[in-house]
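You will see two complexes here that share chain A, one where it goes with chain B and one where it goes with chain C.
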Partner chain A sequence: QHKQNVGVSTGCQSGCQTCSVYNGCLTCKPKLFIHLERDGMRQIGVCLASCPNGFYGMRSPDRNDCIKCGSECDTCFNKNFCLRCRAGSYLHKGKCQESCPEGLVPSDTKRECVP
Partner chain B sequence: LCILQHGAVGQGQSTPATCSPLCRCDEDGGADCSGRGLTAVPSGLSAFTYYLDLSMNNITELPANVFRNLPYLEELRLAGNDLSYIHPEALSGLHQLKVLMLQNNQLRTVPSAALRNLQALQSLRLDANHITLVPDNSFEGLQQLRHLWLDDNNLTEVPIVPLRHQGNLQALTLALNRITRIPDSAFANLSSLVVLHLHNNRIQEMGKNCFAGLENLETLDLNFNNLKTFPEAIQSLPKLKELGFHSNNIAEIPEGAFHRNPLLRTIHLYDNPLSFVGITAFQNLSDLHSLILRGASMMKDFPSLTGTVNLESLTLTGTKIRSLPAELCDDLGLLRTLDLSYNEIEEVPSFQGCGRLQDISLQHNQIKQIERDTFQGLSALRVLDLSRNQIKFIHEDAFLSLSGLTNMDLSLNSLVSVPTAGLSSLNQLKLSGNLDMKNTLVAKSLPKLRSISVPYAYQCCAFTARDGPGSSAGEEDKSKATGEDEDMDRMPLVVHCSPSPGAFKPCDYLLGSWMI
Partner chain C sequence: APRAVIKVTLLRQEPTSKPITLEGVFVGGSAGYAEGKLMQSHPLSLCNTSEDERQDSIFITIVKLESPGNKVPQCQPLLDKARLALQRGAEAIIFDVSDDATAAHQLREAFSLPKPVVLVEGANAEELMGLVNKNEEAIVHIDIMMESPKWPPYD
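Moving on, here comes the complex of A and B:
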């Protein structure tokens, strides 16, 4: 019998406060980020201390969410400030660009504009 | 056991690089030991490890020299442990470390001694600990530091001295702490800072020059604080693009509020008890795309938007504004949505210059009439809400240009009639509440109508309302059977008309009074 385990925190993954069999973590323990992974049609909640690549952690008093970075960005500080760009673009002051400003040159290994 | 084949350094032989049995290693020098219930740093890792993830374990402290065999480490993740103590020599030898994640631990102070020699460190996460103290020398050795997370701790003030020498810092968050004031020159030497988050603190007081020195700041987040006055200190921020101070206690936006921030793109100021907004507050913000002002209840004059030429969405509701400037659209050629509802507007100018308008909300005002040119040229308009006004008269050509209009709400006005010329795309029309409108409407001129509400049920008879495709066939047979006049102007199908006629509200309008 498929027992819906909504809201019961026993038997949850680590970091979960409440979870359900079908959707994984529903809420997280304090200060952890909830991240929704896709599994086919389903969304599975997982609780993390740091968000996966391509996401950043947005903290607020009642919940902490993993939020998608900007399109060209691998890891970011917030939606508009990148920490590491995807291959093919170069980081300068938090922005991913295809070319570098004057006086700087693109470094493919670092994916940054460097002096 | 996962063995890596890797040439030994300087010995000419191939010695296998190792991986701890407690971890999973990849070929590039990455070691994932996260979530394994570890209480200590595992030994036996390859000397060439450059990425080590120890997050979500139960490590409570880091002893001295625990990473001395990992000289090439660039990223160390220790988030989500129970770290409460880091020995001053714990991180020694990590000369290439760039990223250190210590968030979600039990630290009460910044482990300044342990951080001292991390000259290559760029990103330091200390968020979600219990830090109350940031020693003055906390970040002294970190000349390359660019990103610092101190949010979600127990700081009661800005760590001014520790930050004093961080000229390379680009992003800093002090959000979710207990900071109550920002003194002058709090961030004086942070000339490279681009992002500063201070949201969810208790900031009441800000020095006029508290942001002095932040000449490159682009994002400032002051949301969810206790500010009572407008943060004038933003005048020190010439490069500011994103500003948030919503959910504070600010009552006034002064004149020229943003005149030193010409690059502003977004301003979030909702959920403030605004009562006054200076007329010149939003001038010359040519990068501003959206402006939302709700509930500035004492505001009487429409703000000047000269120079704010790229606005696409303007919401200004809940004020005492009675009139709009005739040249409103001179600067708003790109406007797509305009919400001026819940004001006291009596007259509306021509919106002709706002040729891209798609949505106009003017409900809940005191408008009395609509002129010929009010909506002239607005072929892109889709939705028009004029409900809850006092409109008595609409010029017969007022809607001629509105070939794209699909939804119009004229309910609860004082209309006697409504022009339909030009409304070829209209599929929803609301006229209820216009009690003086007793004439029957001409169905033919609204070919796409699908839903209409009218003041009186008999007016629905002109639209031969039919609910659902099934019932329409029946209706047609009936009309053939009764030999009804084929030439009657039969309205193409109207899916819904209310209030629909019925036994006690027959289609015939009897003797001028509906009571018989």
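Moving on, here comes the complex of A and C:
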């Protein structure tokens, strides 16, 4: 008999509304974000109260997702507004850049372009 | 629809050991050869909102489809999910349809896709997903199964 692998809340990781053996969480309990976590060749869903570094939370009627920030961004408000860049990049007007415009200099501690 | 031969070689096995041979079905005229590292994608990772990370190796995506009654947000048609996976660089995409009998119909127009789309189910699917579940890194070779010609009975 085909292995029934879908659990509703029972037997799921905490925060899951529904889950399955191979995909992990499929839907989350209210207010939580579903984050698709890569672990080697596996990619499973986990339900979190807030999204991890490098992702931001996007709410919508049928589900709340963790969405990847823009490239070179460590912490962001949304796809186009970075709050903190990765090492080696510098924040200027919400974007991460490799170098700073004229009149500003890169600050490695702040990872920003500063006057 | 042409059948697919799926040969799976585990990266952490003796060089002499034989690959695991499994079977699937190509959908919608997408039959062809493909080879790559097996990588799972969560069904929700193939929605437009999400962005899977870029893979550095040549890979084949496998997706375990959940039963429609499971209320997983569909977000976009299955054919578009397959197209998105291929646009992200997959050499082919394998769908485990053991729990979703509607998949074959949804993918009947896969001839519009540039690379192979294979459906697996039952024991073949469980073997593949079992490897994924144990994070057993594997290289997958997909090819068209050569059906032996059925000779007419000579009396």
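We adopt the following convention: the second predicted complex is superposed on the first by the 105 of 115 C-alpha atoms of A that agree within 3 Å, B and C clash if a C-alpha of one lies under 4 Å from a C-alpha of the other, contacts with A are read in each partner's own complex, and residues count from 1 in each chain.
One rule holds in what follows: a contact is a pair of C-beta atoms (placed from the backbone, for glycine too) under 8 Å apart; a residue touches a chain by one contact, two chains touch by 3 or more.
Since we're looking at a predicted model, the values are computed, not measured.
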| item | value |
| --- | --- |
| Three-chain arrangement built on chain A, chain B and chain C clash or fit | fit |
| Superposition-derived angle with apex at the Cα centre of chain A and sides reaching chain B and chain C, degrees in steps of 10 | 70 |
| Which of chain B and chain C A:Gly103 touches, first, second, both or neither | neither |
| Partner chain(s) touched by A:Ser14 [first = chain B, second = chain C, both, neither] | first |
| Which superposed partner A:Phe77 touches (first chain B, second chain C, both, neither) | first |
| Touching partner for A:Lys68 - first (chain B), second (chain C), both, neither | second |
| First (chain B), second (chain C), both or neither touched by A:Ala49 | first |
| Partner chain in contact with A:Pro115 - chain B first, chain C second, else both or neither | neither |
| Chain B versus chain C as contact partner of A:Gly24, first or second or both or neither | second |
| Chain B or chain C, by number of chain A residues touched | C |
| Superposition-derived minimum Cα distance between chain C and chain B (Å) | 9 |
| Contact set on chain A toward chain C in their complex | 2-3, 5-6, 18, 20-24, 26-27, 34, 36, 38-45, 58, 62-63, 65, 67-68 |
| Interfacial residue positions of chain B with respect to chain A in the complex | 35, 55-56, 77, 79-80, 101, 103-104, 123, 125, 127-128, 147, 151-152, 170-171, 173, 175-176, 192, 194-195, 197, 200, 216, 218-219, 242 |
| Chain A - residues contacting chain B, complex | 14-15, 31-32, 48-50, 57, 59-61, 77-78, 80-81, 83, 93-94 |
| Complex interface listing, chain C residues touching chain A | 37-45, 49-53, 64, 66-67, 70-73, 96, 98-99, 122, 126, 129, 132-133, 135-138 |
